[in-house]
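Paired with chain B in one complex and with chain C in the other, chain A is shared by the two complexes that follow.
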Partner chain A sequence: MFMRYLATLLFLLVPILGVWTFMKADDWHCWFPQNVSSFGAQIDGLFNLIMYMVAFTFIVTEVCLAWFVFKYSKARADKGEFTHGSHKLEMIWTAIPALALLFIAFTQMETWALVKFEKNFPKNGPYSIEKPIAEVWASQFDWRFRYPGEDGQFGTVDDLERSFEFVVPVNTDVVFRLRSRDVIHSFFVPEFRLKQDALPGHTIPVWFKAEKEGVYDLVCAELCGWGHYKMAGVVRVVSAAEYEKFQAELKAHWYSNGKEE
Partner chain B sequence: MNPVATPVAPHHAPHPAPHLEPGEGAPGTVREHHEHHELGFLRRYIFSTDHKVIALQFLFSGLVFLVLGGLMAMAIRFQLAWPWRPMPGLSWMFPATGGAITPEFYTMLFTMHGTIMIFFVMIPLLTGAFGNFLIPLMTGAPDMAFPKLNMFGYWAMVPAFFFILLGFFVEGGHAAGGWTSYPPLSTIESAAPGSLSGQTCWLLGLTWIGVSSMMGAVNYVTTIVKMRAPGLTMMRLPLSIWGLMITSLLQLFALPVLTAASILQLLDRTLNTGFFTPTNLLVNNLTPDSFGYGSEAAAAGGQPLLWQHLFWFYSHPAVYILVLPAMGFTSDILAVHARKPIFGYKPMVYSMSAIAGLGFIVWGHHMFTSGMNPALGMTFMVSTIMIALPSAIKVFNWLGTLWGGRIHLRTPMLFACGFVSMFIIGGLSGIWMAATPVDIYIHDTYIVVAHFHYVVFAGSLFGIFAAIYHWFPKMFGRLMNETMGKIHFVGSFIFTNMTFYMMHQIGVAGLMRRTADPYAYDVYAHLQPLNEFITLSAFCMFAWQIFFVINFFHSMFWGKRVGRNPWNACSLEWDAPSPPGHGNFDRQLAVHRGPYEYSTPEVAEDYLPQTRAL
Partner chain C sequence: MRYDSRIRRITAVGLAGLAVACQLDKDREPDRPVVHYSLSDATRALDKDTGEALVPEDVQANVAGSLEMLFGSAEHPQYLLLDEWKEAGFDLNWPTYAKDDQGSGEFDETGMAELEKDNARYFRLNLALIDAGEYERVTVQSWSPDLQRTWTDLLASKAPPERDAAFAAEAKKAFESYYPSLAASAELYRQHCLHCHGPEGGGNGPTAPFLNPRPRDYRLGTFKFTAVGKGAPRREDLFRILDEGVTGTAMPSFRRFSKAQLHGLVDYVRLLSMRGMVERSLVATWTEEESLTSGDVIEAFKAVFDKWERAKEKALAFDGEVPHPTPESIARGKELFLDAKSGNCFSCHGPEGRGDGVSAFALDPTSGEIKPTYKDDWGFEITPRNLRYGVFHGGRRPIDLYRRIKNGIAGTPMPEAASALTNDDIWALVHYVGSISERPKHSNRPTPEHDASASHGEPAKH
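And now, the complex of A and B:
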């Protein structure tokens, strides 16, 4: 009999603590970092939508489990219910989840297309797929950012290269090309809700729009070797004026052959 | 031999079991000794063709590898809680660092933890051990359809064991490209220390595992289709057998793809072909020519994404291979110990088939951020989200089975309920991962780690524990100790949840998997205390398994002896002696009904075995 109460308690604690830890996670700083990209809020919203639907199912099924374990493990003289199932119930719990899941699937599509489909990439701003702000090169175990210089072309003599720090203007649709020199890496900025693998042999266009100035961690999110954990970089989001200044400084630095320092 | 079931064919004349109690056999029990059944130790326990012995071989080697994989998990957890701190008592392993884990060792650890747990623990335990043990017994067959092939199935594991262990001792250490072994990291020698020779060992090990699983799957399907006892129609099979049958079909159709892909990668590595390696790489400041990679390979223009497609075409169905048999065991155990027919038998069979069918068209959800065409991501998202439906149906039917039952909370039942409780968590969190825009953020974070550990560890391994407690009396003729079993369950359930639940939240915080020292990043630095908590929980969970180990070995020799049917269950295996002798059944079987006639009003007892004529 002791086991009956203990098992019920254990199964009941799963939904109680399960929901409580999710509710408290934000207070424990164990939740989404701040969002600074234009599409990040949509992604967080979709995550929350799924979370609420999932939480409902989670609570109902786990409470039923605990309740049934408690109720039907009581010693009784008679036999259990003799039933092989119910066609009606099967129809209900097939149709309703099916509709809910289809609803989830359809709500996701727009945001996915917005972030990843090339036809939805920014066209009217200063940067586009044809005219990206930079080429981002990943290699074991660092990030390099190659700006095209004045001619707007990559692979020419006026290219400007910088490592570790990717400087981009704020409130601007930024498009860049993601490339890898050796193995697969992944460009991940948690605060942008943006992740894209860098695939050797491929040039993958990526876009984002950062809406707040600041310095954000750029982390490699695909295992790339023993130094994977330290393949760090940052994205520095600056005002338009600062960005102009940065470009001028980078150019001056590049042409000084390192003598100015 | 005639494959159509005659359960007691003359050359399968039963041999009385060593522990058969006097008077155990029903009237008419055949009890003559045959000369050719007096086998020596080697033929009987090592080179055996008896499915039950082969099952135990798989069981014991799986459990040994489980300890190895578990120790690796502990080392991973140590590093995540206290990065670069020397591990107490392990300075002999890493003299250069005084016992601290090196970054290259850490990559090797999680690579081999995943590889061993999936290919050397879960698949051998589920299909190798329980597939072998249960299929002939539950279908009323004297043995597998191809007993010799079955023996080779286990012996093909031996080269796999050899190569996977050899890898730890080669120069550069074992494979370190993740259990997914994405090229070019895994194919180019200068890309990682583990890609020197360790990766070759890894590929050879996996290829042999594939050979073994293939032989097993052929045998399982043939036995289930052709050797069922008279009257045992497909729709009267226990759900464990359905789970194993569908699993075997998945293996038959998906496994050749992985084996082929492994061989292609092996060729890339050894003969400098270029299936997966693109041109113009500059690895470790070396051009392909200078690190011995043939110039023709450099011109070949391989595709890293091709490997991902081939790998996941097998390894996603493999996830269902890891859970479908456990779902079957759970269904059977819930019905037996709740004294209730399974709720919705046919929907259960159909939903398992649907999981398997859909399982073939969802592999791309591992590749949403890989650079694959995003339009494909859309398709894979819909199929992946829809695969939650059959899983949900199964959960509802398990709850329906418990409803109105007369539940006996014995250890196997507790583990089966634990499976349901935690599979719900693992199943539901999968929906986040299936949703492409959400996956952009959570891909390769700890929420993924939480998800698949809730399915494979908290789900399948709890299913395996339930199955071991449930079928132990059939395997050894003795019960496992109930008190110890309950202690084992309570601790395991608590510590499993403490270990894996908060990984959801740290995943939402963005923490990545496979990172040796995430706290170097500002955005993750504050997550270290929580990781310490998870690590301590994991240590407790690992230590708690001592209750299982003691119980298992103690009960094997000194447990309470039981007769044929200690749980009053209906399915055919309980008709055989415990443990069954060679040829399994000592009486002619005729099956009259399905396997779940519990609490039926037709008889006075609360169960009606499949073989009893009314």
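And now, the complex of A and C:
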């Protein structure tokens, strides 16, 4: 008798602890980092939608499991009954998840298109696909950011290059080109809710709009070799004035005559 | 029923065993292998015929002992205080203190302010936690063992209710004014540099064989990308490599650490490099004179230290503003590049700068393959840079290329520019090299002009 209650309780603990951890996660500082990008709220909305759907299924399944453990754990003398399945039941448990997946697929389309489709990229601001702010180069194992310099063209001698730190203006639609020198890397800034693979041989346009100044971690999110764990950088979001200042400093550093260093 | 009781018994025994194991294990210190310095392969080399050590083992022990006296051990790296240093109050172990105040005075006031400012960036999360009074959540990474000690002592000095504004100020100061000791930098080095550069900076860490180009071996005291040409580098040169990384190689930018930590690493790399230089010099002395005295050891150390001190005044800079390229300067550069008497760049870098010059490669008669002619000072085959890639290890800035051309590259066959070349000539070469490294022609996102040229660029019909 005791074992039966204990087993039921153990199985019930799974949904209870699961829901409790979820509710406390924010207090324990192990939930999402802050969101600072313009489309971040939409991405979080999608995440939450899917999570609540999964949570509902999780709780229902776990409670059923606990109930079955309780109901059928009695030692019984009679033999089990053989059934050959139920067509109706199978239809139901195929159709419901299929509908759920379709629902998710259609709900996320708008957000996906907003973030990834080239036709929806910002056009009216200072930066666009034709005129990106910088080329972001991923290589084993660091990030380099190449600003086009005066001629607005990439790959020319007046390009200004900065390693590790990607400086961008706040509240501005920023478009950049993502490139890789060697293998597949992934540009991931958790605070921007932005992740994009960098493929060797491809030039991939990416955009975001950061709405809060600050320094945000940039990490590689695609296992790219032995040094993947240390392939880190930062995105520094600054005011327009400070961005001008940064560009001037970078230029001064670029055309330094070597006296200062 | 029988099964039930057996399962219960097994479970109980298992749980009890687990509890005992946890209890026994709770005081175990995590394993941390102790790192030792060893002598270089050259010092320990064996005679090919007899199989005996070229440098007798007692001499090797003597050298190892001398090095430990001068530079300490891997766990406690520390320079020996020379008598004259003691008199002058000079101490190479503490770079932030003034030259006559038990330090080596390597930072002026602006330098120190910059270090503090960057510490504030690096420790920003901790400083915010201190401001919020959340002292328990402050974390100090294991690569700063000295700061960990300072922090634990500080927390122990005052109980939570007594922590006032003065305490907060002191706590913030501990982070903002942090400059790692040599031992702490050695720990940082072990966690982030050793796996490529090896425990003695021999460029022979476990990852090294997989890398091309190979990680730098510091022990020759030769560093390629400096402003001083051949010879020991300056602090700024090493710092720049740590700060910017080396494009096109496995050396990344380490800017995620604070400037103080990077300068600490520079201190430690200098120690390893000096250690290697002294080792070579001692072995050379023994080979020449068949004896090694303590006087020799101190002399060797002084000579090496002098080389590093002298580097400080040798930086190559340019007077006035860096000139910008013009069609004339590029044309002039091309002329020099292809002129065997002045620039002579093409003989190695090839007529188009593709790194395929005739003198850099030769037919190997035994294998019948074309192999690089040259080796660098570390004994590895070396090929000239393909200047059309637009990737320059020493940096792409005009002044970087200027320094590479004028000074040559230490440890490689890249020579100093011929003395007949004027500054204008060198800038012309810089501009030409820059112009052939430009990329838009083969960008994979075609520009309208590119499209046009592609459609008209069909092979001509004869």
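The rule we apply is simple: the second predicted complex is superposed on the first by the 226 of 261 C-alpha atoms of A that agree within 3 Å, B and C clash if a C-alpha of one lies under 4 Å from a C-alpha of the other, contacts with A are read in each partner's own complex, and residues count from 1 in each chain.
Going forward, a contact is a pair of C-beta atoms (placed from the backbone, for glycine too) under 8 Å apart; a residue touches a chain by one contact, two chains touch by 3 or more.
This structure is a prediction, so every number in the text was calculated from the model and none was measured.
Colleague: Please name the chain, chain B or chain C, that touches the greater number of residues in chain A.
Modeller: Looking at chain A, the partner in contact with more of its residues is B.
Colleague: Which partner chains sit in contact with A:F154 here, chain B, chain C, both or neither? Use first/second/both/neither.
Modeller: Second partner only, chain C.
Colleague: A:T83 in the overlay: touching chain B, chain C, both, or neither? Say first, second, both or neither.
Modeller: A:T83 sits against chain B, while chain C stays out of touch.
Colleague: Which partner chains sit in contact with A:S239 here, chain B, chain C, both or neither? Use first/second/both/neither.
Modeller: After superposition on chain A, A:S239 lies in contact with neither partner.
Colleague: Is A:M3 contacted by the first partner chain B, the second partner chain C, both or neither?
Modeller: A:M3: touches chain B and chain C.
Colleague: A:F164 in the overlay: touching chain B, chain C, both, or neither? Say first, second, both or neither.
Modeller: In the superposition, A:F164 contacts chain C only.
Colleague: By the touch definition at the top of the document, which applies to A:F141: first (chain B), second (chain C), both, or neither?
Modeller: second
Colleague: One more residue to check, A:W226. First (chain B), second (chain C), both or neither?
Modeller: Both partners, chain B and chain C.
Colleague: Please work out whether A:H202 is in contact with chain B alone, chain C alone, both, or neither, and reply first, second, both or neither.
Modeller: In the superposition, A:H202 contacts both chain B and chain C.
Colleague: Does the superposition put A:S256 against chain B (first), chain C (second), both, or neither?
Modeller: second
Colleague: Once the complexes are superposed, what residues of chain A are shared between the chain B interface and the chain C interface?
Modeller: Common to the two interfaces on chain A: residues 3, 139-140, 181, 201-202, 226-227, 230, 232.
Colleague: Touching residues of chain A toward chain B in the complex: what are they?
Modeller: So the residues of chain A touching chain B come out as 3-4, 6-7, 10-11, 14, 17-18, 21-22, 25, 28-33, 42-43, 46-47, 50-51, 53-54, 57-58, 61-62, 64-65, 68-69, 72-73, 76, 78-86, 89-90, 93-94, 97-98, 101-102, 104-105, 108-109, 111-113, 115-117, 139-140, 181-184, 186, 188, 190-191, 193-202, 204, 216-217, 219, 221-230, 232.
Colleague: Could you pull out which chain A residues touch chain C in their complex?
Modeller: Contacts found on chain A: 3, 139-142, 144, 153-157, 159, 161, 163-165, 177, 181, 201-203, 215, 226-227, 230-234, 253-259, 261.
Colleague: Going by the contact rule set out above, which residues of chain C touch chain A in the complex?
Modeller: 4, 121, 124, 192, 207, 210, 227, 236, 240, 243-245, 247-248, 250, 252-253, 255-256, 315-322, 325, 390, 396-399, 402-403, 431, 434-435, 437-440, 443-445
Colleague: Mind pulling up the chain B residues that touch chain A in the complex?
Modeller: 102-104, 106-107, 176-178, 182, 184-185, 188, 191-193, 278-284, 301-305, 338-347, 369-371, 374-375, 377-378, 381-382, 385-386, 388-389, 392-393, 395-397, 399-400, 402-409, 414, 417, 420-422, 424-425, 428-429, 431-432, 435-438, 440-445, 486, 490, 493-494, 497, 501-502, 504-506, 508-510, 512, 514-518, 520-523, 526-527, 530, 596, 598-601, 606
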